[in-house]
Amino acid sequence: MGQTVSHVGFIGLGNMGRGMAANLLRAGFRVSVWNRTPSRAADLVAAGATLAPSIADAARADAVATMVADDKALEEIVWTHGLLDALPRGGIHLSHSTISVALADRLAAAHAERGSTLVSAPVFGRPEAAAAAKLFVVAAGAGDAIDRCQPILDAVGQRTFRFGDRPSCANVVKLSGNFLIASMIESLGEAFALVRKSGIDPRQYLELLTGTLFNAPIYKTYGGIIAEERYRPAGFRLPLGLKDVTLALDAARAALVPMPLASLVRDHMIAGLAQGFEDADWSAVAALAAKSAGLEP
Amino acid sequence: MGQTVSHVGFIGLGNMGRGMAANLLRAGFRVSVWNRTPSRAADLVAAGATLAPSIADAARADAVATMVADDKALEEIVWTHGLLDALPRGGIHLSHSTISVALADRLAAAHAERGSTLVSAPVFGRPEAAAAAKLFVVAAGAGDAIDRCQPILDAVGQRTFRFGDRPSCANVVKLSGNFLIASMIESLGEAFALVRKSGIDPRQYLELLTGTLFNAPIYKTYGGIIAEERYRPAGFRLPLGLKDVTLALDAARAALVPMPLASLVRDHMIAGLAQGFEDADWSAVAALAAKSAGLEP
Amino acid sequence: MGQTVSHVGFIGLGNMGRGMAANLLRAGFRVSVWNRTPSRAADLVAAGATLAPSIADAARADAVATMVADDKALEEIVWTHGLLDALPRGGIHLSHSTISVALADRLAAAHAERGSTLVSAPVFGRPEAAAAAKLFVVAAGAGDAIDRCQPILDAVGQRTFRFGDRPSCANVVKLSGNFLIASMIESLGEAFALVRKSGIDPRQYLELLTGTLFNAPIYKTYGGIIAEERYRPAGFRLPLGLKDVTLALDAARAALVPMPLASLVRDHMIAGLAQGFEDADWSAVAALAAKSAGLEP
Amino acid sequence: MGQTVSHVGFIGLGNMGRGMAANLLRAGFRVSVWNRTPSRAADLVAAGATLAPSIADAARADAVATMVADDKALEEIVWTHGLLDALPRGGIHLSHSTISVALADRLAAAHAERGSTLVSAPVFGRPEAAAAAKLFVVAAGAGDAIDRCQPILDAVGQRTFRFGDRPSCANVVKLSGNFLIASMIESLGEAFALVRKSGIDPRQYLELLTGTLFNAPIYKTYGGIIAEERYRPAGFRLPLGLKDVTLALDAARAALVPMPLASLVRDHMIAGLAQGFEDADWSAVAALAAKSAGLEP
């Protein structure tokens, strides 16, 4: 059984990471932070964090958390910039990023070889939820390592769901969750195109949906965007959505699972990028459905 | 302005219709019922309903409600068996069935020509909701006619959503709603196939979904069926689901709206019928996704 | 065994029918023609045809051929305007139109009941092929009836393919053939969009395709239209293509055969109609693929 | 202007490569061969080839041709095992393999940096065509480099199609060509499922197709396999087909081109692998269509 985690490195201070690191400080952890653009760490340093001069320095801790954009960014941090070598034996790498299942598997093996441990812990929630410590955490990895990290997870999220001891299972769950959201967007896009062309008021239609069968917050959020055609500014940009659906399809191919709906959504996302929605929210897939039906924005 | 509706004819005493007619009796309406198999009316007659000897007799009322299986059944009732001729001038036909947009339009025109009025009022909810007067009603048609029917709608449902004065708009809304449910089933089917083949426990996965982003009753209902592969007995049979998605596609074609996700779901429903799921719940579309991935039931 | 067919009624003098009727005259048949717009029969009358004053008059022959636009047109001719009643017992109805499998089955039953016979004989080929007697004929129905019609089929086509004694099988073959052409168009549309956006000359690409693996005339015809974006004037209009793919899907649904590629093409055809390609050739499905990829026409 | 190519290295002696190398010998080139399993080179050595002890040795030539299974194999040959370093300045790398567009671009840049040149020259044709020097060659790269290689290309193929000076364009053409074949297989699979379930003889149906509109050899080859359900032994295995369609989709994503039909075929290929067709021909996608329709093999 490992010891208590008190010193945490935190790498990646984007919109999500900053809120999470701030919550670790609030919860009493000693936190060393690192970011590619160090200026983004100012608030955290003012709140008590140490600015690590390098990734390796940030990784010399009981646990090091990473929250970065994609596989490439994480690979560079781990292999090129030395996280893997700097993390002490017995240390834990807590990976919050939405990365591929294949990378999670490779990373788990690399840590095992060096005597450290990977806990994969991607999260559901937008930046506001990260700031408010209201994230949902999906965790997988060695049980005792997750136990040791639980205080960290409790500090950043409202609830942790555990999915066994293979770290990449957490990534499968995260990616499939994003696929479900993307599918919901596609279905709403097609339904709103139909009701609009039938002369029905989209706001009334949304009220019906969210007042009856589909009364989940996510339908309200995305249904509202679609009913009002408010695709900019983006909450979660279309290229990121495409990245995640592509990662879900990659995982599905490896597991030999056909996912025709994921493929359909992916094609519409690509069409969206080809047609000028690169800066829009991923729900702009619904704008494509409207355009395809000849509706003017 | 028409008079108060006190005498209601009710045609179609299936699992939905019987609960609805019983609630009309409870609410104090005078009710004449008709069903192809008259024995199904016994309980209602015992509770105070009159058994109409013919459809025409049932239609000699202030309003006549119909709740039947499909377009063909309604066409026979209205044209072949005389509902249209028997309904008095100024009378209202309250159509609760899930029928095509095209039929709703034809029916509205036929009533207008004879001085009667169509109110299209399809409902969302299963038989238990019908029995408990908890249906959601989607109503469209002339405003004063809906006003006159409102006491009826209040007696059978928990809430009425109005969609303007073109009756068929209510059918567009109903069909698009069923399309959204079918899409949700397809997306869950693919996601569960992926998590299952990745070695993740489907019940835990469901708990995550319904405990976080997708905490709507409908996700619990269908997610539960899919996680436990409990496709029989059917709550809503696959052939009926195929009928509804096909009607949504028919409406979409008429309105020139491509609905590729509806097409995808329809193909999987047809595959389901071809592979022995005719008696299963329409959520068996998820069983197809599992089978397609090589999973054993 | 029936007698020789010498007197033929011919109903439907569109671009296809006129060429076919002219070839019957050339082959020595006595031909009575009927068309909704009688003026279109002038050339044929000059060439020796009799102008029938009514459909019933045209149907009083050894065999009556029909070549009309769709199910509705044929239903009116057969039932409303009396072809069925006027055709003598032992007479043959030679149906060349591209109609639904369901209508072919209904028609076969109606003829059988009255002592006449349906031979379903849809054709492959464009108006020029009809004029040149170069059509390919797909025939199904009672063997002796087809034998009796063979001189007619020989007069209008270059070859007849027989598909057994159930007339509607010929319609399945015809509709599936048009589905194959539509699929080829879709695949070419996507491939050309990819090569264009990759900076490759579409004409050179077409030369490769038709010079190697895909050296069939149909690839040359449609590949040429797509490479040059020559979608107008239409050889076969998009709404007709949509009609045929929809009929193929209707037949597939009845036979419980999922056809996801047919569904995909159908959705693109609907998008085409919604986006202004109603007057274009059905190969404009390829224009949609280009537009979807952000290419300018 | 470079000098004449007389000495050629040839790496990769699979079913395709052996036939190609043999034809180079026949044409009078001096050929050094290398293969992972050297015993496969025996016949070629007997015919006059030199067995190179290493990849680097094979690459010390005027031009080095590679014909290997996939990106990974080529990357190892080029970077890990030294082809890039060994090829003399002014030398040509003639890449015949079906590789990704991204790898072709990377490879072109790497050669340019070192003073050598990439000519990308994938081929269409099966092993028998390779043995008979009947391949179709698709070539792209610097014009003078292709000119210098033309005698090599003439020795292995019946015709060369040039696609400009960006090498990866040849790969786009090759991958899109394989996508067209895969699409044709899918469309035939669906059409045959429909005709079979309609009671039509598949061989007669094939005779119609290949005797009329679709009289290209490729329809005969694949139509024959599908009509007779002869998916084993494989001419081109399903996993290779999946690889190629996936590469086409990767290229399409990079170019921002949605290819929904490619996605559909890919899903069916994955389903095929999940359902036991790993050792079957890629046309087993048609077997999936039949299975999906409930047909027994």
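When the chains are written out, they are named A, B, C and D in that same order, and each has its own residue count from 1.
The working rule: a residue touches a chain if its C-beta (ideal position, glycine included) is under 8 Å from a C-beta of that chain, and two chains touch if they have at least 3 such contacts.
All values reported here derive from a predicted model rather than from experimental measurement.
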| item | value |
| --- | --- |
| Set of chains whose contacts include both chain B and chain A | C, D |
| Selected interface, B-C versus A-C, where C-beta contact pairs are more numerous | B-C |
| Inter-centroid spacing, chain C versus chain A (mean Cα positions, whole Å) | 53 |
| Distance from chain C to chain B - Cα centre to Cα centre, in angstrom | 38 |
| Shared interface positions of chain C, touching two or more other chains | 252, 256-260, 264, 271, 274, 292-294 |
| Of chain D, residues touching chain B in the complex | 260, 271, 274-276, 292-294 |
| Of all residues in chain A, those that touch chain D in their complex | 246, 252-253, 256-260, 263-264, 266-268, 270-271, 273-274 |
| Of chain D, residues touching chain C in the complex | 101, 124, 136, 138, 159, 161, 163-164, 166, 168-169, 172-173, 176-177, 179-181, 183-184, 186-188, 190-191, 193-195, 197-201, 204-205, 207-209, 211-219, 248, 251-252, 255-262, 264, 289, 292-294 |
